[in-house]
Amino acid sequence: MTEMITALLIAVGALFAAIGGLGLLRLPDVLMRMHASTKIGTLASSLITVAAAVHFGTAEVWIRAVAIVVLLLLTAPIAAHMIGRAAVTTRVPLWRTPPHDEVDKD
Amino acid sequence: MAPVSDKTNNGLIGILPVLLAAALFAFFAAQIPAIAAGEVLRWSMPWFPSQGIELAFLLDGLSLTFALLISGIGTLVLLYSDSYLAGHPQYARFALFLTSFLLAMLGLVLADDLILLFVFWELTTLTSYLLIGFSHEAEKSRRNALQALFVTGAGGLAFLAGLILMGFAAGSTSISEIIAADELRDHAAYTGILVLVFAGALTKSAQVPVHFWLPNAMAAPTPVSAFLHSATMVKAGIYLLARMHPALSGTPGWIWTLTILGAATAVFASLQSLRQTDLKQALAYTTLMALGTLTLLLGQDSGYAMTAFATFLIVHSLYKAALFLVVGNIDAATGTREVAQLGGLGRSMTLTAGAAALAALSMAGAPPFLGFIGKELKYAGALAADAPVLVAGALVLANALMFAVAGVVALRPFWLGSAADLPRAPKERSWRMLAGPVVLGVAGTLFGIFPGPLQQALVTPTVAALTGDAANAAELTLWHGVNLPLLLSLATFALGLALYAGHRPLRAGLAHTLGMLPDLDRGWDRFLDGLKGFAEWQAARIQSGKLSFYLAATFGTVAGALLVTMLARGLPLPAFTLDGFSWAPAAVAALMLAGGVLVLLTRSRITAIAGLGTSGIAISLVFLIYGAPDVAITQLLVETLVVVLVAVALLKLPRLPAPRFRPGAAVISVAVGASVSLMLLSVLGQPLDLSLTSYFEAASYPDAHGRNIVNVILVDFRAIDTFGEIAVVAIAALSALALLRGTKGRTR
Amino acid sequence: MEPFFAIAVGGLAAAAVYLMLSGELLRYIFGLVLLSNAANLAIFVSGRLTPGAPPLIPEGAYAPAGTVANALPQALVLTAIVIGFGLFAFALVLTFRAWTTLGTLEGDDMRVAEPKVTK
Amino acid sequence: MTAFLDAVVTGGLALVVLALAMAFVRLWRGPSLPDRVVALDMMTMAMVAFGGLAAIRFDTPQVLDVSLVLALVAFLATVALARFAERNVAGEDNND
Amino acid sequence: MTSFGLNVLLAIAWIALTGTVTLANFVIGALLGYVVICVIQPMLGPSRYPARALAWGRLLPLFLWELLISSIEVARDILRPRSHAHPAILEMPLTVRSDEGILLVTNLISLTPGTLSLDVSEDRKTLTIHAMFASDPEALIASLKSGIERWVIDAVEDFT
Amino acid sequence: MNSLILSVATRYLTGLLLVFSIYLLLRGHNEPGGGFIGGLTGATGFILQAMANGTDRAREALRLPPEVLAMLGLGAALLAGLMSALTGDAFLTGQWLFLGAEDGGKGLPLSSVLVFDIGVYLVVFGAVLTLVFEMEEHI
Amino acid sequence: MSWLLVAPLMLPFATAIAAYLAKGRAAGRWISIAGSALLLVAATLLLVEVNAQGVVAGQMGGWGAPFGITLVADRLSAVMVLITAIIALAVSVYALADIDTRLEQLGYHAIFNVLIAGVIGAFVTGDLFNLYVWFEVMLIASFGLLVLGGSPEQIDGGVKYVALNLIATVLFLAGVGLLYGATGTLNMADLSRAVEGVDPGLLSVIAMMFLLAFGMKAAVFPLFFWLPAAYHTPAFSVSAVFAGLLTKVGVYALIRCFTLIFDHDIGYTHQILLWVAGLTMITGVLGAAAQSDIRKILSFHIVSQIGYMVMGLALMTPLALVGTVFYLVHHIVVKANLFLIAGAVQRLAGSTELSRIGGLYKSAPLLALLFIIPAFSLAGFPPLSGFWAKFLLVKAAIGVEGWVIAGVALVVGLLTIYSMTKIWAAAFWSPHPEGRDTSLSQLSASDRRGLLLPIAGLAVITMVIGMAPDPFARFAEAAAADLLDPAAYVSAVLGEEQ
């Protein structure tokens, strides 16, 4: 049972990781790529970390795993905010000019 | 040089050195009876026993003669200087240098150890450097001082090599032991020793072609010249040849080298001397002539030649010192040393004139002066030589020229012409400046008339030291019947008179002829320029100031040295197999390389940082895969910090220049990379002794109470490494702080 | 796997040296980071590679269970990384200062201490 | 560890490495500065995942510590780089 | 951070006392410290620390769930041969006022399907958002306000 | 930089990182971690502070200048090494005190080795912060 | 016993920490002087002990060799430590007059003392990796001191110094790694036995790696660029201590490794060393001849003199090693002193550029005397220390019929005279071009003391060694014997009976 859950978590996580990587390649502009890395990347690594916790099952590993996940959840959006803001302020060309782009006026 | 102030002496500083020198003279004089009786006094104490070097001193006829000349003339010169340089602000140094010079010279002639001798030898070089450059604010003084130092220093170094070689050959550096053993002539290193010792002696004694520094040494104040030229410095080389005579002489190499060089120097110098119009320069060349003669005599072996050597050594010292001091008096009294301007000084400077006359006649070799005896002996020695015609011919010509020069330099200014055109009205000098010329002139006369005591006290013991037997000494006498030497003497006077009569036209001719010879003095300047030019050329090539060159040369050397060593010494390489190959680490390694290559190819700084980061992450994955979590974490933290710091710094730094392909750099870097790989492969082919690691694994928990073996190594087994490491980190921070706070920096 | 890493280390070193040879300080510094990494990896690989198995002693045991990775090179590499970081940090600050003081990052244009000889 | 889990882990590692590689391609290609920061961010995420898988593979939970530290410091690097990207208004690196 | 720092100190003291340096032990120490701080709260003066910590605990599952959903949505778009995205940069007025609240809102929005917080205006009244699927911007903003922002106000600001 | 989001997040992260770093330091003798890793992690928190709120705020929080902290750390490591002089052991010999040691456990370990590692922590922490703060302030 | 080894190493650290924490007040400089004085005491005690006992070894942390790190001093190490302490004290005193408050507040005393600690660490460690660590301590401190003050010259010189020295660092590190990979040990005594099991070809290549790394630190041809590029730029105290000590650590490391560990292929490695020695002497001395700034001249002469020391190692005979040891000691004292004098010249005459100075012979005869002693000692004039140093080496070369290298050594000595007299003529004999007052009386009494006391002290040492060379040479003989027969060293470190 533990092994099945571990395997499932790994499979989903690794798949998401690969998709995230692909998204980084495929998506047309930097902000859209960030959707891939921020969300999918965070999820993938969180899932695999939890898989490890399930696999070992000890309290110590669980606490470590939770710490990792919490940290990722806390920092990933902030990182995304920083990068996104930089992209906008430096006027990185965006795919399909957004209709309500109001940041650009300053 | 004119007196500097109206003081007439320098008080205690002036008189103390004189007393010291006089005391030394008295001391040595007191040794005469013992030495005359055939004793040899030796005193020694260990100095550098582990190298077999002793503070050993030897007093025999040869060294006593020199010691008396040095201390005696030294006394008179110091006394003279006290007045000559009265009130000079640097007189204390002058006296110090001159006294040191005197002591060094004494040490040189008394030393009974080759290395000790060399020590004093170099000390005379050094002190004479300071004396020649005494008028240090004049460019010419500085140049000439350097010239003397450099030329004699060069000879000195060759000499040192010769001494060391001699020490090896003889198994000792004790001079008396070497002479007693008398094995050098048969030693394989004999020729080498001879060449090197000659190089030292002949440069110091200013033999042609390394004579040019000596006339330039005239830049020194006149009393220094008197001392340097009469009894000291230049005689050091002569002394050395004489000292080594028993051990080295008699071979064709010795005989012909000294004979030819001595003859050439004597003739060349006397011709040059006649050509000079400056009294001091003229005298300087007569010194060369004397040195040539002495060298020539030392080339021979006969008792006559040795007696002639011993006698002429004394003769020359007496008259040369006297004449230099006379010239000093003339200069001080009239303000000029130009022959053409001088005349009729005899009336106002009677004592000087008298002393000059005595010295000049001795120099001219006229009877009844000691010079005459010396000359007769020279001819006798010449006739006993291996090449009598050459030796005698050279001597006759040289002596005749001396005769003429004596007339021009020492007689004419006093007794002919008038004092009309002089810059100052001549006036007799103080007693201090008269004592020297008078005492020396009179000594030359008295020893000529009564040569017996001199013979007994100094000449015979010197010949004994040179040949090992006092019986070899010839008799010193004014009249020894009509013989060939006497005839040669008469011929010398005749030729001399003719030369004197025609010295003006001769001068012009000489100037023309000698002018066609290569000017070695100017050659010296060219040598220095050349040296400097070559040095600059070389420095500009090597120390080019270009960082890219430095880097390329450094890495090039690294790659070259490693690859050449691999080829030359053979590097064992294991067969390359893919056993245990695993794709994950391979992929990670590829990522590591890809990161590196990205940095290489980009001109975007952020890409470069990202490439670095990638490479770092990949390496930390390698650490992770191979069981090194601590290292992996550290690598990650450091890599991150690198990225952070660079990102901060980049805010103000300029963009990267576009990368361009640099073939040279590519070759070097590939070579470095290849050598690293090869070495590592080779190392990995060797078995690894894991006993240290096993010990750490076993001791970590039981003895060091830690379960993380890496950490236990860091803070316990090898804690001192870690201590140094944190010192590096702390000082890096302090240094960076100082660099950032301590510099304002140009605002850009 | 070690021979493979031997070659990778050489490759990394080559890239690093090429960068350092540019004479431009930023590239030099980047090369320096890579070269330090290569040296660290060389030490690590020299101590032979053992997959997994960090040199830790499990609770209750007195020695590692079974074969673990060679701990000594790890400690050396750790020390070397830290030292390398210290040196790097200083070099970076110096680079920054070179720019603000000398106005260039091209090593060949820095001719204050060793001025061009003009004749 | 069973062969099944081992296979899953191996597959997972392959996918994570693939993600790393794709992120690296984005890093190489850019084109904008934030693009590269995003790519680097993604790489660190992938590495956290790699750490989790390695922990299972080698049966050493301590490897998770690497992931933990990575999660921490990656954020710092991203912040620093984003800040650089933002201040670098001149638009360097947008089109090399 | 006074209470927080105290809590940490207490946790460390616990570790030192027990002599077992493990994460579990640290957590025990921290929890103990938390209890202690709650007890001594009156002595420390007013603090929102106990309440805030509780709120964090409630929000965690929410974060995870939102993350999963948003990832699937983006993943779908990545895997589609042609993108269906309608990217746009939008401005959302903020009701939430506290620092912590704003932080939570922005983070949650970033982890929600197709939206990414870019910046908060200086007057803290507007949040700039990048949306991947913004064919109807007004509806999107309305749903964010009623969803995430409401939750955050409930979970965090009610305690302030 | 003035990002409100970062600034607020940093408030929590700094404390978190500091605790975590001390944890890493203390357990380093038995698990991955130790003075260097701990010190760097702790510094990370203050670097974030400096980036989010400026170095003034970060310095204020530190109270002592970081370079002084680094030198104090060096001093602590030196003292740890010298402790063995009291027992006549060689320099840097670990001095251990196990409080309440009993069967199966070594009790609470207090050691000069830990002091040494704390010195390492302080040096790394102080030095890294010195570097970052100074660079921030002079650029 | 082991505390005798620890004290000289840790005292400078303690001094550094105390001086740094006291910065901003005058206390720093006095702490530094007091620390250096204590260091001198400690170093003397160590030397006395080593001289009585042969080799002193101590296992740090109580972990026996080869597992822990051994500190060990044989005669060479002990004398190097002592000479380091002497230079440290001299420079600390000199700093009173040379280092201004601004530099003190930037941490001069702390960095300086850590530099000294690094140097001493390199001399007393018996572990190769630990040697690397001390090299780095020394290096980073030298970086800091070199650019302290931050003038454009310093930054420029610093860039080249740093850029090139870091290469040596990485080489050294990689070399240690490779040697460990081949032998499994790091303890140098243990290595001397362990290398017997290594393939000689591989060992020669690794030896070459160390030759390159140490050669660069020692500034031999063609790896010396960093030295003349930088040594003329920092404060005079700093260039004096650099000139005296830093390259000598490289030489020391070469001597240690190439007598203890890499003596398996002398026909190859030491032949290379001999070539390196000759070329180093020549290029260095010619470089000096091309310069017109006192410190640049002196810097190139460091290079040239390093050649002599390497020459002794390359010849590898007992006498040659005696010469090398003697030369090391002599050179450190003399070269540091010349840089100190350059500082005094700068203070009095306003520059170190020869064309812009002069008049010192007339106005500052004491300084002139103090210059001429080390200058002529450097040139190898008797009866000063440099004469014996050169004498021993030339004698050693002639003893093995190394005519060419002996000739090179002598000719380079002559060219050294040329450079020294160039300085003498320009700075002392010739009048000052601007007629500036260059007398010592323009300095405050305390500055005069600060500048001249160390200079005079070091000059006295040169003279004492020159006048009474025997005890020094005997010591050097014993040191050389230790080096050529490392059995005592090995057994002292590994704690076995011979």
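The letters A, B, C, D, E, F and G name the chains in turn, as written, and every chain counts its residues from 1.
To be clear about the criterion, contacts are C-beta pairs under 8 Å (C-beta built on N, C-alpha and C of every residue); 3 or more make two chains touch, one makes a residue touch a chain.
By chain, with names taken from UniProt: A = Multisubunit sodium/proton antiporter, MrpG subunit; B = Multisubunit sodium/proton antiporter, MrpA subunit (TC 2.A.63.1); C = Multisubunit sodium/proton antiporter, MrpC subunit; D = Multisubunit sodium/proton antiporter, MrpF subunit (TC 2.A.63.1); E = Multicomponent Na+:H+ antiporter subunit E; F = Multisubunit sodium/proton antiporter, MrpB subunit (TC 2.A.63.1); G = Multisubunit sodium/proton antiporter, MrpD subunit.
Worth saying up front: this structure is predicted, and the values here are computed from it rather than measured.
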Touching subunit B and also subunit D, the following chains: C, F
Most distant chain from subunit C, judged by the mean position of its C-alpha atoms: B
Of A-F and A-E, pair with higher C-beta contact tally: A-E
Reference subunit D; chain at largest CA-centroid distance: B
Per-chain Cα centre nearest the global Cα centre, belonging to chain: G
Centroid distance [mean C-alpha coordinates] between subunit C and subunit B, Å: 49
Whole-Å separation of chain centres (CA-atom averages), subunit D against subunit E: 23
Averaged-CA centre spacing for the pair subunit E and subunit B, given as whole angstrom: 85
Residues within subunit E bordering two or more other chains: 22-23, 106-107, 117, 119
Junction residues of subunit B - those touching two or more other chains: 536, 540, 543, 545, 547, 551, 555, 605, 611, 625, 627, 629-630, 633-634, 637-638, 640-641, 644-645, 648-649, 651-652, 676, 680, 683-684, 688, 690, 692, 696, 707-708, 714, 716, 718-722, 725-737, 739-741, 743, 745
Multi-partner residues of subunit A (each touching 2 or more other chains): 20, 22, 34, 36, 38, 42, 60, 64, 67, 74-76, 78, 81-82, 84-85
Set of all touching chain pairs, with the criterion as stated earlier: A-D, A-E, A-F, B-C, B-D, B-F, B-G, C-D, C-F, C-G, D-F, E-F, F-G
In the complex, subunit C residues that touch subunit F: 54, 56, 78, 82, 86, 89, 93, 96
Partner subunit B, residues of subunit F touching it in the complex: 28-37, 40-41, 44, 47, 66-67, 70-71, 73-74, 77-78, 81, 91-92, 94, 96, 106, 109, 111, 113, 116-117, 119-120, 123-124, 126-128, 130-132, 134-139
Touching residues on subunit F, where the partner in the complex is subunit G: 67-68, 71-72, 74-75, 78, 81-82, 84-85, 89-94
Complex contacts: residues of subunit D adjacent to subunit B: 13, 17, 20-21, 24, 27-28, 30, 33, 36-37, 39-40, 43-44, 47, 50-51, 54, 58, 60, 62-63, 65-66, 69-70, 73-74, 76-77, 80-81, 83-85, 87-88, 92-93, 96
Residue numbers on subunit F that touch subunit E, as the complex places them: 2-5, 7-9, 11, 15, 18-19, 22-23, 26-27, 30-31, 99-100, 105, 107-109
